[in-house]
Each structure stands twice: as structure tokens, then as C-alpha cells.
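The same chain A turns up in both complexes below, where it pairs with chain B and then with chain C.
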Partner chain A sequence: MATTQNLERTTSMQDAPVITEAKSPLAGVLRYAAIGLILLFLLLPLLTFLINAFAFRWFYPQFFPKELSLQAWDNIFAPNFKVGEALWNSTLIAVVVTWVSIIIGIPAARALGMYKFRYKRVVEFFILAPIIVPGISISLGLNINFIRWGLSGTIPGVMLVHLIPVMPYVVLTLSGVFANYNADFEDQARTLGAGPIATFRYVTFPAIFPGIMVASLFAFLVSWSQYILTFLIGGGQVITMPVLLFSTVPGGRNPNIAALSLVFIGPAILILILTSRFLSGKSAIGGFGQI
Partner chain B sequence: MTFWERWRIPIMLAPTMAIVIILFGGALYYGFLQSLGWQPRIGNTELSLDAYNNILFAGPQTEQFWRGLVLTLWVSFASTFLSAVLAIGSALLLRQTFVGKRVATFLFQFNLPIPHVVAAIGILFLFSQSGLISRGLAQIGVIGAPNQFPIVVRDSLGIGIILSFVWKEAPFLGVIVLAVLQSLGEDYEDLARSLGANRWQRFRYVILPLILPGLLSGSVIVFAFTFGSFEVPAILGVRFPRMLSVTTDRFFRDPDLNSRTEGMAISMIIAVIVLVLVFVYQWLSRRAIRQE
Partner chain C sequence: MFKRKMLSALLIVVVMSLGFAGAIAAQDAGCVLEPGDDPNSCPPPGFESWDAVLEEARGQTVNWHMWGGSDLINNFVDNFYGPVLEEEFGITLNRVPLADTVDAVNQVLSEAEAGETENGAIDLIWINGENFNTLKQADLLYGPWSRSIPNSVFVDWDNPAVALDFGRPVDGMESPWGGAQLHFIYDSARMSEEDLPRSYAELTTWIENNPGRFTYIAPGPGAFQGTRFVKQALFEISGGQEQWVGPFNQELYDMWAPALWDLLNSWEPNLWREGETYPANRNELNELFANGEIDFTVTQSPAGATPDINAGLLPETARAFTFNDNMIGDRHYLAIPFNSPNKAAALVLANLVLRPELQAAKANPDNWGDGLAIDVTRITDPDERAAVEAALEDLGVGAAPAEDLANSLVSDIVAEYQALIEADWEANVLQN
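What follows is the complex of A and B.
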């Protein structure tokens, strides 16, 4: 039986008398100073990427380089650097993982969001547990089986292992959507003669679409930024962007590392901006914990 | 009851549960077996607790393990605590109305999708001895040469690692706190104010209790994540002491197959510590809710 949760609105206390405290101009200045300091700490590391990626002969103690160059970009896009291969692998893996996780996550999220059943707590615990256990423990334990199954060092093997950290976020996000979903509309559509596919296509899907967008965003980002699972299961043979970047850091030249980092974070930031209008409410932000 | 009504929930859950049980459960099961010395490829199927004994009590790796555990706990606690404090401060500042609020909030959330590998590199570029801050201080004459800048990345206290985690996790927790504050509105505070509560009392007795559940859950996730995270300590750590995740990886890649077993044992210890932590937190929070 379908149950819908109605969130009760918190009783507001609009009738309470409001006494405004006198605001001094000093308080305003202090607030801007504090916000400025916090944003400086959060944005300065990003600025270092931009400077490093275009710097040429950036001698100490110059704060900004006197000469700029595109040398680093020529370097990283040279064929032997494998950026093309890494971008292709990362995109392919993240897109397939996103699709698969959404398709198998929707029914599970519906079961968890809309129905009460025995052992629900246990099922929830098992589905969420991979959030907590670190990737290194997971990938070391799986390594031996993936070698035996012939999945080690292959792209399908890496996709499969990415599903482990991705599934909890997809199911968590979508089950929140289904908890506030009214299934009566589906019954009405069925009464009017719609088959199961048409009902999903025209009733269920549009209703859960914002949730699917948020879940897809997290699935893509979690897969896109996954290093240790990819490296240990891919055995160094599946080159993705984080694997390439990580291998460049020791001994690599700073401009190359910076340019590569920018290529790596560009798509992540773009996707966040494109889907940001679907991001609202605290249930939506849980996914950022593991990226 | 029809077949579909009886079996629909197991059928709906089956694909996701298959991933969790076969891949995640399999990882833990075979990881545990291997930590007991199970290595079928070299014909070793006898199980023993030798690896745990070697790490915890009486082996050449014992000191490395315990020093690593202390560093890992220190880094995780410090990162989580500092991120939470910064998150509360930022959320309190950002919830007020002021000119530029939208821009400030957007910039505050900007690094959420940036992966930890990149966070570590950014901290390296900023805080290394020839990094941007060192250059800035040299420009205004505070220091004369790179080696006069204190070593804060690749240091034995893990300061660079902590800075990277705070950089990543403070906005994450801050967004959680901000969402709670905005959903509450200012009604409760106005009421407290009308009853004569001052600024500190309003924070301590009104705001803090309201944001604490969300903040604590978020902090537990941050702690568990930093405890087992690999990328940041691998880039910003030193050879000794190493964080446990990095030691695990080193042991696993060691040509000596006994080291591999010990690496597995450390990886199991990491998994057990974070799982127990989350269990205890869940249990405590459920009990707290029941008591209310």
C-alpha cells in the first residue's frame, strides 16, 4: 500500500514581537572582513592553478609571473601525455555508471521510499554501508576476485567497482523523492488505460525527474573523481583523469600538473552549474561528502 | 495476494542488493580472509591471526602501525573539528541579508565538486615553501627566502593534510548547516530575543541545538571519510609517520607476500574502526531521540 508523507509545517511565531538590535557600521565591516577571509582561503588554492598553468619562468619571489605561456597546454595535449585517452575513459566510465546506477536505483529507492516492510532497517544499513567503508579497504579486498574473474585491468571491471560508492547516493537521493511522491496519479493513469510503460513515461518519470538529475550529478561526480578504486582495480591499465593526474604529481612540472588539474575539474564544475537549479534542500547535498 | 504483491519489494531491491552483497560484501569477506593469510595462488589456505599480531603487538611494523594510527586519528579529529567550526561561522555569516550574499554563497559552495586529489595539489601550490603565500610574504618583506617559510605541507604533523580536508569539508558542512538555518527561519530567535536572550544565549540555547543533529551526522561522515582517505595523505604526507591508508597501500604493493597480508589486516582495522564509530553514533543518536 502506498503511503505518502505529509511534512507538517513548523508552526510559525509571526505574532511574536520583534525587537531589532541597533546595528553599528563596524559590525557590517567585520562581517565583510570575515566572509572575505573565508572566501580567500577557499578560492586562493584555485587561483594557484590558473597562475601555474599559464606561468613561464615564474621565479621566486614573484607573486604573479612576469611571463605567460601556453607551453603547459602544449605539453599535456601532446599525444604521449594520454590526456585524450584519460578524458575518454573517464567520460565513458562515468556516463555508463550513472545510467546503470539510476536504472537499478529507481526500483530500490521506490521500495525504500514508499513501502514499509520487514528488515527495512537492515536493507537501508547495507545499502548505505559503502559510504562509510573507505575505498582502499574495498578495492584491496576485491582485487583477488577481479583478477580471477578477468575483470582486473578492464573498463567494465572499473565501471562495476565504481557502482559500490555510487549506489548509496543514488538510492538515498531518489528514496527521498519517492517518500514525498503520490502514487495515486499512477492509479488514475492506469484506470484511464495507460500501460505500465506509458504510466512510467508520462506520470512517474516527470514527477521524479528533478531527483534523477540530482542523483545523476552525484553519480557522475563520484565516478569522475574516483582514484583509488580505479587504480587498484584498473591495475594501472585503465587510465582515467584522476589516475593520470596522480601519476603526474611526483616529479611532474608544476605548470603541467596545474593545466591537467584544470582539465580534470572543468567538467565537474560545468555539470554542477548546469544542474544547480535542481540542487535544493539538505537531502541533496549529502553526495558531496565523498567526492 | 498475487505473486507480484508478495514479491515486488524483493524484486525491486534485488539489483541494488546484488551490487552491495556481491561486490561490497565480497570485498569485505575476501579482504578479511586475506588478512588471515589466505593466498590460494601460492597454495596458502591455512588461516591464522599472525598478521594482526605482527601489526598490533610484536612485529617490525608495530611502531609504524601505532604511530600511523595516532596520526590518522589526529588528522581526522582536527579536520572534522576545524571544518565544523568554520562551517558554523560561515553559515551564520551567510544566512544574514547583505549586499553580495548570492555571490558569496555561490563562491562558498564552489569547491564542492572539486576532487580531493586537486584539493591536495592546490594546498601544495599555496602553502609550500615556494608557494603563493610564501611569495606574498617575501613581496612584503616578511621573509627573505623560501626556506624561511615554515614547513606546513609534507610535514610530520599532517598540517597540510588537515588544511586540504578543511578546505574541502568546511563548505560541505557549511551548506548542511545553512540549509537547516534557512528552513528554520528566524522565528525561534526572534522569540528568544523578545524574552531577553543576548547574542551568545541565542546561539548557545536556540541555534546550536537546532543545527546540531545535521552537523553531527555530517561530521561523522567527514570523520569516516578522512580516516580512510588515500589521495590527500599520499600527496601531502611524509614517509614516517604515514597515515594508515597509505601504509596499507605500500604493504599491498610490496613484493613480499607477507606484507600483503599485513596490508590487508590494516585495511580491515580501518574498516572496523569507521563502522564501529558510525554504529555507536547511530545508537547514541537514536537513544537521544527516544529520551526526548
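What follows is the complex of A and C.
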């Protein structure tokens, strides 16, 4: 079963470029126009952020700001603005949450991706539930329990609560990888004398590694951009980048908001660039092509 | 000390039975420190003396939860209070920025529900109006303390604008930090002072003559300036604010509300976007004004447009002005939750902000441009008094004349009207 599926996907992949690389000049123009349009939509908002972050008293009808200023950057990097603390907390939380979610996610995803069992759909539903149920509806009740357990207002508490929205993404991504995974290779390794650890290290891990990278990227970004759960469980004592951003926006000082937003999306974009080579459809599906 | 407490309690009973204090002294405001008293004679609840407060506060961290949307204010707090707390009192200041004060209120409510009675996350909240009322009604505030701290002698507690928060008695459960008064801003490059409307009646004519050039903030939760703007119109068409003071009066409201909605609806065809939509908050209104789409915005600062000009939010030609009457002014306050683990440090901070030199620094539009919580005439030290008076005179070009603000000042009315006006405005004006 799994092998045929794998085969189908691979062939459809090979077909795809043939269609887009048709020799018609019109198709080429359309293709570049589409790419250009996508880039425009993605980059134009960032450009206004960039201009805003250096503008001062930029009002209509000035097309470009008459006065430029570094005031916003001075403001947000003043020690009391807590950008350093927020960046550190956000990074620490996102990295730990990513690691923990992958460690918990691998066995769960393997079970969901490779085995059929009773009530599998129910389990899948519960794993998806955090995406369907809005976080705010459970986090208020959760907060009361976290206060009782002494986790409220602490970084471990925030990490724990971040796992709620992160886990569905990790398990879903990884179970897709395991759906195309052939456990026979593990048996082969065992037959050749490898222990469980060596099997995982030399067979399982390399096969699912691209999937792990994609799942980690999701986990990192979902944790990185989490506001409401951080705020409720952190009780305002755990300052992360989204918490800082949300408290800055109501002030209405566009240059500060723009500068802070750039600082906020910077690390996310950096990580996206570093992991982008794992993001193509082929590697995200996983498999044994690279062994 | 016990005698004094008995005496003040007795006094309040007598005063109340005379029906004199009315709404103001609805409850015991706690021990009241009078000018010239020994600060140790009137300690806040749970402490032996003010010296004991200072001693316990040393080494504590005060977690101050406050709306964090203005970096002018954030910087002021960090730079003017932080170092003094550290050096003079051995207290660490932890300012926690909030998107909305109601977040802090919910935190205290959650903690209370969870039975957390000693180690709450919050030591001090910047608060007023409904948020204060919620916590006070739920009995989740520490106190009464605000008339026992040494610098409370600078506060004019006989002034209803201080003793009443949105028309409800403070009862010693919060201490003032500053003041504000709603008034307007225009652009002197676009129009001259003589052409400014000075009442809602004149504004009505102005709107007719300048279609599309006016709008106001939609009244609603978190947009109290919009509610205030509408409330002021209600005062004017009903013949003055005095009759609205005191407990909630449904009959009075029902008598005048239809005329208010008629007036606001009559503006709509000539409002910005024909009144189909209204700005949600002051930032949106400011932005429309700064970009030349409309001709007026509002301010709460006695320094008028100056702080916003300095911050680059408004053009340099922006100036503040008032109507002749009914400009609502009030105070904003600091409160301590019942389960604050660092009450001593919170008390020291609440006391520190009332120090005259720091009130003067706060009034400076370069620092913040906030109104005073204290009464200048109560400052006994001549140098301190001079410093505060100088600060009040130096509010920058963007400020409205101080006498205009004083002459048009009225206090706010009980919070019941607030919710009613917000709901009815939506039903009768927005959806009409």
C-alpha cells in the first residue's frame, strides 16, 4: 500500500515541471508575472514597515517621509523597553517547546501514520482539537489550574501551555512522514545486528529527518507568535516578543510598532531561510531516497 | 492611635447622619493623615507604622501592572521612579506593560477564584472607573490606605474630582497618580483660533458648513474619550452638568437621551464617511487628523498637543482648545490587589509618585505632560511649590490656556451612565 502511494507521488512530482516549463513565451511571461505578484504581495507590507520604522511625522500628503529619524530604534532598544529580555524569552521558549514537541510527537505520529487501531479517528480528532477549539476558551480555565500548581507566571508554565497549539502541527506533519515510511528497513537493520538505538540513529532518523525539520519549523513559529496563551499563563511576568508587540500597538506610535515588528519577524525569517531547503514538497514527505 | 481611629469613625458617622458628605464618604476611608501629623501616627492596614512599611519594603520587588501603550509614559516610569526606588528605598521596580488594564483585573479575579490569597502576581495597578469598581465591589483590593500614606497630605481629598472616581467614592482604596481633562486639538496651519467652535451648538453649525471634516471616537469599552465626548454633549443640551451629579437617575436620562441621539444623528450626513463608521480609539482619530482628513482630534493632557507633537504623532502646528463649558476632567489612580505579596513596596511607590518634584516632572510635556494628582496650594516647601508652579506654566505651544481648562472643567458622573450611553449610542446612532 505505502509503496504504491509513494510511487504515485513521485511520478506526479516528475510530471509537474514538464507542464510549467512549456516552451510557449506567453507561459513564461505569465509565470514571471505570477512570481512577481506573489513577491509584491509578500514584500510590500514589509516595505511599509521598513519606511515607517525610520519615518518621523510622516503624514499625508507626503509620499515619502520628509523627516527621517532613528528615534524609533533608540526607543525600542532602550533598556526599559525590554526587547532583549523578550527576544531571549521568546527564543528560549520556542526552542525548548520545539524540542519537547518533537520528542513527544515522534512516537505519536508513528502510531498514527503507520498503524491501524480502534478509535484511531477519535484519537486524531483529539489531537486536532487544539486547532479547532479557540485557545482562549480553554486557557482561562487552565490558568486557574496553573495558578494552583504554581506554574502561572513562570517560563516552564508558558512552555507547557505552548505545547497545546504546537502539538497538532508537529504530530500531523510527522504522521504524514510516517505514512510514507517503510518499517521493513528497520527490520533489515535489526537483522544486520543493529540495536534499537543504532537503528533509530542510522535508519529511522535519517529517513524522517526532513519531516522533523518541517515540524520543528512549524513548532518554532507557532510558539514564537503565541500571544494570548503566553499572556494568560505568563501573567504579564513572562515578557515575550508578541506580548511586547501587543502592548506597544495601542500606543499608536507607528515608527516604534514598525521597528519592533521588524525585530519580531527577523528571527522567524532567518529560520525560514535556514530551513528552506527542507521545505520542498518532496523532502517533507520523507522516505528513503537519501539513504 | 486607636483613639484617633475611633474619633475619625465617629466623625464620619456624624457627618453622614447629617447627610452632608452624601456620596463621598459612603464608607470609612481608613485612617486619615492630616497635614502636620506624624507620618507614623496613621499606618496603612497591617502595618505598625510608616517606618515599618519602609523597613519591610527594602529588598522587595514591586510588580506594577500598567497600560503600556505609551513609551513616553513607560520611559517616565522607568527613568524617574525606578532609580529613586532602588537608591532611596532598596526596592526593585518591575513595570509590567498591559494592552488593556482589564487584563490585570481578570488576573486578580482568576487568582481569587483559585484561592491564591497571598502570592498574587500583581502588586500595583494603574486603574480607574469600571476596572476599579469591579475590584472594589468584589472586595479584591487592599485597603483602605490612600489617606494614610505620608504624601496624601498633598492631595485635596475634599475635591469631588479626586474623592470620586467616575462618580463613585474612592474610600481610600486607591490613590491618585495624575489627572486628565478631555478637550480638543486643531491645526493652526489650517484654521484660525477665531473660527473654532466653543460649544456643541457651534460645533453643529461648523459640521454643517464643513461636510466630511469632523468625526469623533465611537463610544465603547476602551474608548472612554468617545463616551466622554458624547456625555459632554448630553450635559450641554440638558442645560448643564450639575443635575447629573449624584446617584444614577434613569428618569433624567430618559428625558434627555432622545434629544442627544437626535443631535448626533443630525450630524451624520456631514460627518467623515457620512457617519457610516467611526474611529475606534484616539490613535485612529489622531491619525485622521494628522493626515488632514479631519480638522479636530481630542486630548486628555493638560499640555494639549505638545506631547504628541514631540512624539511625532501630530504636526508641529497642532494646538489645543476647549469649549466654554462641560469639559470632563478626572484623576487616574493606583490600587493594590488584596493578595499582593509586596504591599509595603507598593505603598512606598504609591507614596513616591505624589512627591511634588516628581509630580512636576510628570507635568513636563517632554516627560509626559500629565495633570497633577496633588494640589499646589497644599505644598508647604516653597522650593517644591515653585518647581510645580513652573512646570504648570511650561506646557509648550500645544497646550490650551490653563484658565480655559479650569473654567470649562466639570467632573465625570457615575459609571452606570457610561455603559448605558455606550449601548444606546450603538443602537440609536451607529446602527441608525
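Keep this in mind: the second predicted complex is superposed on the first by the 232 of 291 C-alpha atoms of A that agree within 3 Å, B and C clash if a C-alpha of one lies under 4 Å from a C-alpha of the other, contacts with A are read in each partner's own complex, and residues count from 1 in each chain.
Convention: a residue touches a chain if its C-beta (ideal position, glycine included) is under 8 Å from a C-beta of that chain, and two chains touch if they have at least 3 such contacts.
This is a predicted model, so every value here is computed, not measured.
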Chain B versus chain C as contact partner of A:80, first or second or both or neither: second
Which superposed partner A:142 touches (first chain B, second chain C, both, neither): first
Between chain B and chain C, more extensive residue contact with chain A: B
Partner chain(s) touched by A:57 [first = chain B, second = chain C, both, neither]: second
Which superposed partner A:47 touches (first chain B, second chain C, both, neither): first
Which of chain B and chain C A:26 touches, first, second, both or neither: neither
Which of chain B and chain C A:257 touches, first, second, both or neither: first
First (chain B), second (chain C), both or neither touched by A:246: both
First (chain B), second (chain C), both or neither touched by A:122: neither
Which superposed partner A:197 touches (first chain B, second chain C, both, neither): neither
Chain B/chain C common contact set on chain A: 60-61, 140, 144-145, 246, 249
Chain A residues within the chain B interface of the complex: 10, 12-14, 16-19, 21, 28, 31-32, 34-35, 38-39, 41-49, 51-52, 60-63, 104-105, 107-108, 110-112, 115, 117, 123, 126-127, 129-142, 144-145, 160-161, 163-164, 167, 171, 221, 224-225, 227-228, 242, 245-246, 249, 254, 257-258, 261, 264-265, 268-269, 271-272, 281-282, 285-286, 288-291
Of chain B, residues touching chain A in the complex: 8-9, 11-13, 15-17, 19-21, 23-32, 34, 41, 86, 89-90, 93-94, 96, 98, 104, 107-108, 110-119, 121-123, 125-126, 130-136, 138-139, 146, 167, 169-172, 175-176, 179-180, 183-185, 187-188, 190-191, 193-194, 214, 218, 221-222, 224-225, 227-231, 234-235, 245, 248-249, 252, 263-264, 267-268, 270-271, 274-275, 278
Residue ranges of chain C touching chain A (in the complex, touch as defined): 63, 65, 67-71, 74-75, 78-79, 82, 94-100, 103-104, 107, 110-111, 113-116, 121-122, 281-284, 286-287, 290-293, 311-313, 315-316
Residue ranges of chain A in contact with chain C within the complex: 56-57, 59-61, 67, 69, 71, 75, 78, 80-81, 140, 143-145, 147-148, 152-153, 231, 235-237, 239, 243-244, 246-253, 255-256
